[in-house]
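Before I ask anything, let me first share the structure, which is written out below as structure tokens.
A, B, C, D, E and F label the chains in the order they appear, each numbered from 1.
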């Protein structure tokens, strides 16, 4: 059950059609995943979301594409966003992630979950050495 | 204010000394950050935490060291663990992260925060195409 | 799968019947949603939960009814409570929320998700100007 | 301690100056809060964040300005973003929130926290009646 | 910095005085912690919060007092509520928690943090054997 | 849908067989729940996770077994880990939790959810009396 309904014929709306065309062109694929179909219930929200995703995830970058998907998936796991976990894990695989890398990714994410809880419980004071202004 | 007190002279305990020596040897540095000083209130907890961190973060790996710190920091931001955010951001810088890469990291983490909330609100059904068994 | 079973004939318990009658009277409807059926496994927990919900959500208020549901839904999205997201989004619609307002609500919730992650990552110091004691 | 340093003279950078000028003009105030000073470490991140905040929070809207700040603050509380809690509570006060309204807001947010945990624990199945497609 | 100001002379308000007297009587102590001083900004919110805490935490119970504080603290750590972490850890100590028990508590909380992230990442299907209706 | 596939015949891998044998021996049962079947996609991750769970949950302890499961379940609820909620609620029942105790557990977890949000919203300053160094 979703809280909005995807429009039956989304590309009848010219604003939606422009976004869908851009998704297809940017990704070099005809597949448009559900997220965009559902967001089409409000073409403005669709457009602003897509523009942000495209700007950040598809632009020339100082981080490699798989790393970017892993960062995205890590946040999504911590936030329990099931859709995002599946879409960005699939994207990381599409960008070359091996099973070994995925196992290692999971071990880091879960180690972070462990020490995040440990440190939040103890409230260890932050070392001044971590301040980048002291170390630059 | 912390919920435990770090022992005054932690290395008087031989179990703690072994861990502290291993931290220094593994990192090639005499600096032992507060986390380990506070965990020394319970040498067993100290030992198991360090062994896990060492195994996962310091072993030969299929992911590069900076990427591992970025994954760790991403989870820590989503979980609001202030200590972990500072320690792993500092570690990412120590492993070569530039200001440009950090800005890009922050933009991905916050984009994930945005779409995690959007998707959790709408509850978009997951595309079968994301299933790795269908696509492998 | 749920972790408790709703009793087969909950209103056989007089404490449950009083609560269910009050739910029907307060809402002017015979529909009693699953939450209350499941909570009936422990009549005391049912009663205290309903009394709290009634006191806060149904009393004369300084906030309009739709706004109250939006605040409730916003927290529920951030906490990934699927049941609460559906029930309070439905309640907001029942209290007049249009599709345009829902799209705007989602855009604010997801913007907050974005800047929450950005600010938690950077740990910007809080401006003294935000202190209401300085500004009253 | 922050993970980035705000530039000493941010408006020497023309991109930053354009954003800062726009913040002052949009808000009709010379006060620029710390968030923007810190984001100025990366003018592109500053610009995209401000544009998004401006588009969503300052545009003509179907929700009143105080309600928008309350939704923002509700998400920020659930996500433990201390800076965002302070800035958006202050903004809600600036847009007319009374002490009585704030107390009521807090009671709704904390009731949501309560039932979110209760429902996430029990995993109550979602009523089909909540599906807007069944009820529109 | 707090988002409300505690009243200077809270017990001048008779509703507040009744609650404060009840806190002192219930706890057998003259110490009233900051939470109640701050909540006194809205006597109704103060009263409903105290009544709930008293009903749940101070009533005759099927769980021992220290266990109840540990459950409370565990949730508070996962939610990053710094005040609640400190108050309920202190309460658990006051109710007999030893350093060894606290270390064990922390190890369980952080193990849960670890496997929560691992399972949320993998999305393992839930075993039907966990359904209490199949096993009662 | 899961992000990994459990191997068809996991115990063909000797490392997996050792872990599965140890799970059966430690628990005195032939039932191996899905978590371990899925983790078998990476025998090293399986082994390290099981060793940690066994060390913490099955060792001689200063906390009783049911209390340990309740702490685990409390964190899992706050983190919205559906699998963990079901497995540790079932484990608490297996270790003697009654319906009355479960209702009380839920009331504490949801009260914590309530006051966590309330306190995170108000940002009440922490009482120095909570510092165990002042009170030991």
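Methods note: a residue touches a chain if its C-beta (ideal position, glycine included) is under 8 Å from a C-beta of that chain, and two chains touch if they have at least 3 such contacts.
What you see is a predicted model, and the numbers here were worked out from it, not measured in a lab.
*Asks:* Starting at chain C, find the fewest moves between touching chains needed to arrive at chain F.
*Replies:* Minimum number of steps from chain C to chain F: 1.
*Asks:* Shared numbers divided by all numbers used: is that above or below half for chain A and chain D, i.e. same or different?
*Replies:* same
*Asks:* Which whole number of Å gives the spacing of the CA centres of chain A and chain E?
*Replies:* Here the centre of chain E sits 34 Å away from the centre of chain A.
*Asks:* Between chain D and chain E, what's the gap in Å when you average each chain's C-alpha atoms?
*Replies:* 27
*Asks:* Give me the residues of chain F that touch two or more other chains.
*Replies:* 1, 3-4, 48-49, 52, 75, 77-82, 85-86, 89, 100, 106-107, 109-118, 120-123, 126, 130-132
*Asks:* Classify the chain contact graph as line, ring, star, complete or other.
*Replies:* Looks like everything touches everything, fully connected.
*Asks:* Report the residues of chain D in contact with chain B in the complex, numbered from low to high.
*Replies:* Touch residues, chain D against chain B: 1, 3-4, 41-42, 44-45, 48-49, 75, 79-81.
*Asks:* Residues of chain D touching chain E in their complex?
*Replies:* For this pair, the touching residues of chain D are 80, 85-86, 89, 99-100, 102-103, 106-107, 110, 117.
*Asks:* Give the list of chain E residues in touch with chain F in this complex.
*Replies:* Contacts found on chain E: 1-4, 31, 33-35, 38-39, 49, 52-53, 56-57, 61-63, 67-68, 70-72, 74-84, 86-90, 93, 98, 100-101, 104-105, 107-109, 111-127, 129-132, 135.
*Asks:* Quick one: in the complex, what on chain E touches chain C?
*Replies:* The contact residues of chain E facing chain C are 1, 3-5, 48, 52, 55, 126, 128, 130-133.
*Asks:* Going by the contact rule at the top, pick out the chain E residues touching chain A in the complex.
*Replies:* Residue positions touching the partner: 73, 77-78, 80, 82, 85-86, 89, 106, 109-118, 120-123.
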